[in-house]
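Here the structure is laid out as structure tokens; the discussion comes afterwards.
Just so it is clear, A, B, C, D, E, F, G and H label the chains in written order, and each chain counts residues from 1 on its own.
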């Protein structure tokens, strides 16, 4: 039976492509969902479609909510939410997505380097796997997708 | 009718005491719940009670889970979860708590300085109020607690 | 066993006081919850506490969300939501509250004059009683509160 | 991954057709659900199928419930509920649908002219987007439907 | 820890009083909830409070809904729903209450004579106990209420 | 968008075939689910597959539970549960199914002759339509299935 | 804020008393719930109250269901379910209770000796703490109960 | 309408193959889901993919959680969870799966020899059928799958 996975978090490396490639090469029966990963489009979608704002707070607010139309819907439909944390930026949206999944009772896999273990301890503790490389994720997906 | 609030996030300033003080001074019918805010106790509780670990990942893991026994229970019983973000540290646990509340359908109030608006846009967009000072939180609590 | 009721909707007549009075006079074991019914306070609470807005949309937005902190919490804790529709104003917030109660599976009683029957047909159809006077509500509360 | 949207509210302009046309032209993977928008059929379905009523209240009641068989089922299956408010009529059923979606945790987009901002503030505050034209809705749907 | 029980069904014998008496005599920490058991009041409450109806269907409809305000609320708050079936009348409301409890995941105890076993097989099969006398119910309540 | 309906209750007339025929003739996009309507098979399935019982209670018990594997699963997947009450037998399983649907929040249509109005008042009051003939059901299904 | 804990599992040592004693000595604001731990009473309650059975399966069945009236109610009301596994007997009811808690989203603490780690790996993996002594449980309860 | 079944528990006999074969031979519209039944792969998957552990507890922990990604997802999607208990090993994971299904409200069928009746009484009491042979399961599936 197929799985639906949602790939949340860091958007500056090609980790999503590596996982998609692994799903493809191994012919796994897995549907891969992603957020909009074009940073500029994601930041500006609100003012671009619904009109500009003088106040940055409301500009961000409108964009964040339109992005939530997609991401919240995808998270709630996913069987597994996979979230990568990188070494730059605050990435609070990634931790927020991990929390939403936890609140909805949807299992997570967290992907990060070992040096982030301490600040991610609460997020990791709620996950069903903590990986360091996209390839490990692919291996997990291969394992659970066996007939 | 009384409210239960849970104060999550930043532990390096006295914002929780200011809110508790405001609740007290205004005689609000509000129960204030908090996480364990002693940093060392919180980090070491797992190994202290359940035995030490060689691997830091598992040391953190055990502590994070014991802390989750308290925090997840308190979040799920709260009418409002209030989360403060400061200017230091990664604070992924704060964003994680905001996500858990969102996933459970519990309303949030976010407290932070304006310079954090952009990285917090997803967290703010899901909140019912975004404040800059503990006093604003107290004013909101006073307002909603009117008979 | 006691009931909790929430009185939503029209704020220009004394129907809430009549129901409270009826509960008191009949010594019913019923807790009565209400929204903030001071119109000006309710409209301006957002800008008053969290700062003024140039754009009316955001001014309204901030106030509506703070009021939702109270009203949504009260609706979700109520055993019965009672909603009055008057002959003036749009009162979409009243119909919105009726919908929230329906979505949460909380029973409603609707209070309105017969001339509003047609536009309220969907709201009435989802209710467990449709009354014309506050006194009828009190009679229903007396009936269901018998030991 | 496809979205299901439900178009609730105003039935006197062609806004639903504009959205359907936009979905078609942009080849979006979106299923569009609508209520019965023929006003006479919708008002009379109860007495027509189940027998006439002397009392207008019960005539409306029977029709409203048969329409609820369709609309409530569609709302609960939708990923997004889109609700338009016009400048005529009471439209309490539109606000009621917005409340049902909110109570079920289903995101909404609200469509209305700026002069309705104040009476719709509670409905707007719970939405993930507030638009003024059907075309803006199509743009949002295009954005969130990107592969 | 205390239990809340709701006593649904047959209203022509004193089985409710026997259970209440048993709870009292054994000083059990159990709150006993009941429907309105005065048959005439229950049948006529709708027209008496909300106005008479020419059509018997709507007369019954209004009364049944007011009674549901009490019974559905009590069922949803009960830890155990206890339902007695007698040898007269259709008693579809009793089986309906058993179904509501089953749909809500609330355990039931069914009370009836052995000659009703076959027509009650679906109701009994979903129950956690099937008793023949009120005294057996009291014994069960004594057993589960031990400190 | 298609509907799934479940036809519960009376098994001695051809009402299910009339509805299926109406769905077919009108080419409605509706999937029709039914319980096992062969009375002997339904009564004896437990002892036939899992071994005979000396005690009739347990014979009925085993059969009722195997039938519940099908009926409860179908009820929970249905968009609408349609339940017919006839003039013979106790039919508590029909009222029980109506209650399960109500407890799960799934809408019902009840089908019965007018002389059963009084004993069915609680069941009818929770329904979205009360019909007297299978043809009325088909008309409702046609109406709500319009594109 | 107080916690409710339920102590499930092994009944042949005094671990429950040790935890109760620890709660008492440390004046923790914790309510301790337990199953019926008298083995004979628990095994025979069904036939003793509801009548004897020739077939051992049904004798066990009736007792298990009466015990479930208490244990399932207590599990669903607990903030934390604590389950001890000993070195004797099959103890499938203990693992079953752990699963019920997991299915309901209620956190667990598992108590067992290290030699049971492998067969308990699935149960442990879903828990928020795994302890070896009742005293460790008391320490955890002290920690999370701090004001 | 098709059913999804999940086959949990004992992995040392060919009972899963017998059920799959019965589904195939009888052309039942049933999708059969299973856990990973290769014992070594299941035990070692955690360390093999995510890195070895010195401590057996954490080795087991990592494997159990990866297996839970598959099994919990499959249980929650199943219409019926079928669990076999054999005469060897502790099999706490089987009872744990039965509990998860019970907590989620998903019906179960339990498969075991009569000599396990007493230790399985709580698990059996929550099931909708208790069978002794895989063939009996196939007969039940045939019965409930009738058109």
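Simple rule for what comes next: a residue touches a chain if its C-beta (ideal position, glycine included) is under 8 Å from a C-beta of that chain, and two chains touch if they have at least 3 such contacts.
These numbers were taken from a predicted model, which means no experiment stands behind them.
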item: Interface composition of copies chain B and chain C: same or different, split at half; value: different
item: Fitting chain E to chain G on CA atoms, where both chains share a sequence, rotation angle to nearest 5 degrees; value: 90
item: Centre distance in Å when chain C and chain F are each reduced to the mean of their C-alpha atoms; value: 37
item: Inter-centroid spacing, chain E versus chain C (mean Cα positions, whole Å); value: 31
item: Chain centre separation (chain E, chain F; CA means) in Å; value: 23
item: Interchain centroid distance [CA atoms averaged], chain A/chain C, Å; value: 40
item: Multi-partner residues of chain H (each touching 2 or more other chains); value: 65, 68, 130
item: Complex contacts: residues of chain H adjacent to chain G; value: 56-57, 60-61, 63-65, 67-68, 85, 89-104, 114, 116-126, 130
item: Chain G to chain B touching residues, read off their complex; value: 1, 3, 79-80, 107, 109, 128-131, 136, 139-140, 143-144, 146
item: Chain H residues within the chain A interface of the complex; value: 4, 31, 33, 36, 41, 45, 49-50, 62, 65-66, 68-70, 72-74, 77
